[in-house]
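Right, I'll just put the structure down here and ask away after.
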Amino acid sequence: MQPVMSIAELHRFLENDFPQLAGSSHAMTVTALEPGRATLQLLTGTPHLRPGGTVSGPTLFALADVAAYVAILAHIGPVALAVTTNLSINFLRKADPGLVTAQATIMKLGKRLAVLEIAIEGPDGELAAHAVATYSIPPR
Amino acid sequence: MQPVMSIAELHRFLENDFPQLAGSSHAMTVTALEPGRATLQLLTGTPHLRPGGTVSGPTLFALADVAAYVAILAHIGPVALAVTTNLSINFLRKADPGLVTAQATIMKLGKRLAVLEIAIEGPDGELAAHAVATYSIPPR
Amino acid sequence: MQPVMSIAELHRFLENDFPQLAGSSHAMTVTALEPGRATLQLLTGTPHLRPGGTVSGPTLFALADVAAYVAILAHIGPVALAVTTNLSINFLRKADPGLVTAQATIMKLGKRLAVLEIAIEGPDGELAAHAVATYSIPPR
Amino acid sequence: MQPVMSIAELHRFLENDFPQLAGSSHAMTVTALEPGRATLQLLTGTPHLRPGGTVSGPTLFALADVAAYVAILAHIGPVALAVTTNLSINFLRKADPGLVTAQATIMKLGKRLAVLEIAIEGPDGELAAHAVATYSIPPR
């Protein structure tokens, strides 16, 4: 399983596909790409926090979802657009504001379905959340 | 299982607890409260959409989470704050922008854990997403 | 959404497809069939119990899975065989031995994926477990 | 995070706690124990198969559940008994009969909740299923 897109190509695609992610000082960045895996980072700040000052659930959900989406995209190319069908997330520890890292690993990349696990670490390097997500892949 | 807070009390609590939800023209509103169940609505518009013009996953996730949180809060009162430990969401059909409705039903309200299911309908009344969420309830 | 098979046809199909379920005094029985829904019952006894004398997790898992499978089968007919891709089950209350009932409700029946929720009640009529399951449907 | 029980102690405990697992030629065996992780194996044969000759869902579910339970037990000792509250399993590839291996990794071991992921490989060493499970830990 080899990536067919570079980090630069992924960023260009995301800027067009997810313009709300780009152009923001808090944009998600693809920081690594390996066979079967993509790593994204998000610098979290005030807009991402919930009462108590920790990173909110919807922020971690969105980061997990984009990380998995990017991992699939990197391996099948920008032709077919995957659609999230299920995302199950466990919140394990509170994440303080700062650099949050999501690593999405492809467990299955079939013709119709992709299944990934996503580990999300807070700025302290501790596992803050863990997600498993399924995507439906349209016919290529 | 009877609610111990009124809709007005819930709204006051949310305004203090989730100020980012209030004061916005797109705020979530508690529209019904019954034994074991709470219904919320969110008027979705441009900020809630993803490419393609349908309501985004993080928006539906946040709505499911708040609906379940409100249902628990309504039944145990504002003393103990529940924390989401797991949320699994299935995206079933695309939701067009407009009034989106989430109905959270308590399946279990134990001393330590609450488990709820949340049905989310789009403006057309079709089931757009379904979630199951678990909350940890701190010692009262 | 209308069933295209009768309860008798379902039982005949299960006897051939799942011979391990039939011919046993503890077999699962389809007790009701409605648009979008199937109800199954299982008489649980010693082989289904775990330490403590309550119905075991694998027994409830299997019942949820078969109930959902039967609901799909009843609505698409015996041609295409659905395959479980995900099953998430919450154990809510202990189920005593006796007649356990599973009601599977179709939330989505697409061309490629079906998503169902399954409510499982113990002999006391209380909700013992709740599952959500996704099935991949082969091309028809 | 260090195990506080040996493999031999775990086997003795399982023989008493899960007598249905022991004394069988198809019993699950704890094959490795590391900080935060337990590995179990099950020799699957005819009783574990479904139509088509691959290992059944309930068998993989039970193996995931016992592997996670053993991993918790090994780290908190045999005093408190953990109870499964949620198990979500993704079936990724068919597993042929033979030696099936489950590796359970603790992601969180809190005072009240433990969350683990479990990777299950078939005899060919491919990932056949992946589960995430939550356990409630009684007050110690």
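Each chain gets a letter, A, B, C and D, in the order it is written, and its residues are counted from 1.
Heads up, the rule we're going with is that a residue touches a chain if its C-beta (ideal position, glycine included) is under 8 Å from a C-beta of that chain, and two chains touch if they have at least 3 such contacts.
This one's a predicted model, so the numbers in the text were calculated from it and none came from an experiment.
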Figure out the least number of contact steps between chain B and chain C, where 1 means they touch directly. 1
Across the interfaces A-C and C-D, which one involves more C-beta pairs in contact? C-D
Compare the contact pairs of B-C with each of A-B, B-D or A-D and report the one sharing over half of them by residue number. A-D
Could you work out how far chain A has to rotate to sit on chain D, using CA atoms and steps of 5 degrees? 180
Please work out the Cα centroid separation of chain A and chain D, and write it as a whole number of Å. 29
Using CA atom averages as chain centres, what separation in Å is found between chain C and chain D? 24
The distance between the C-alpha centres of chain A and chain C, rounded to whole Å, is 34
Scan chain D for residues touching two or more other chains and write them down. 85-86, 88, 90, 115, 134
Looking at the complex, which residues from chain D come into contact with chain B? 85-86, 88, 112-113, 115, 134, 136
Touching chain D in the complex: which residues of chain C? 17-18, 50-51, 57-59, 61-62, 65, 83-91
Name, in rising order, each residue of chain A that touches chain D in their complex. 88, 90, 92-93, 107-108, 115, 117, 127, 130, 132, 134
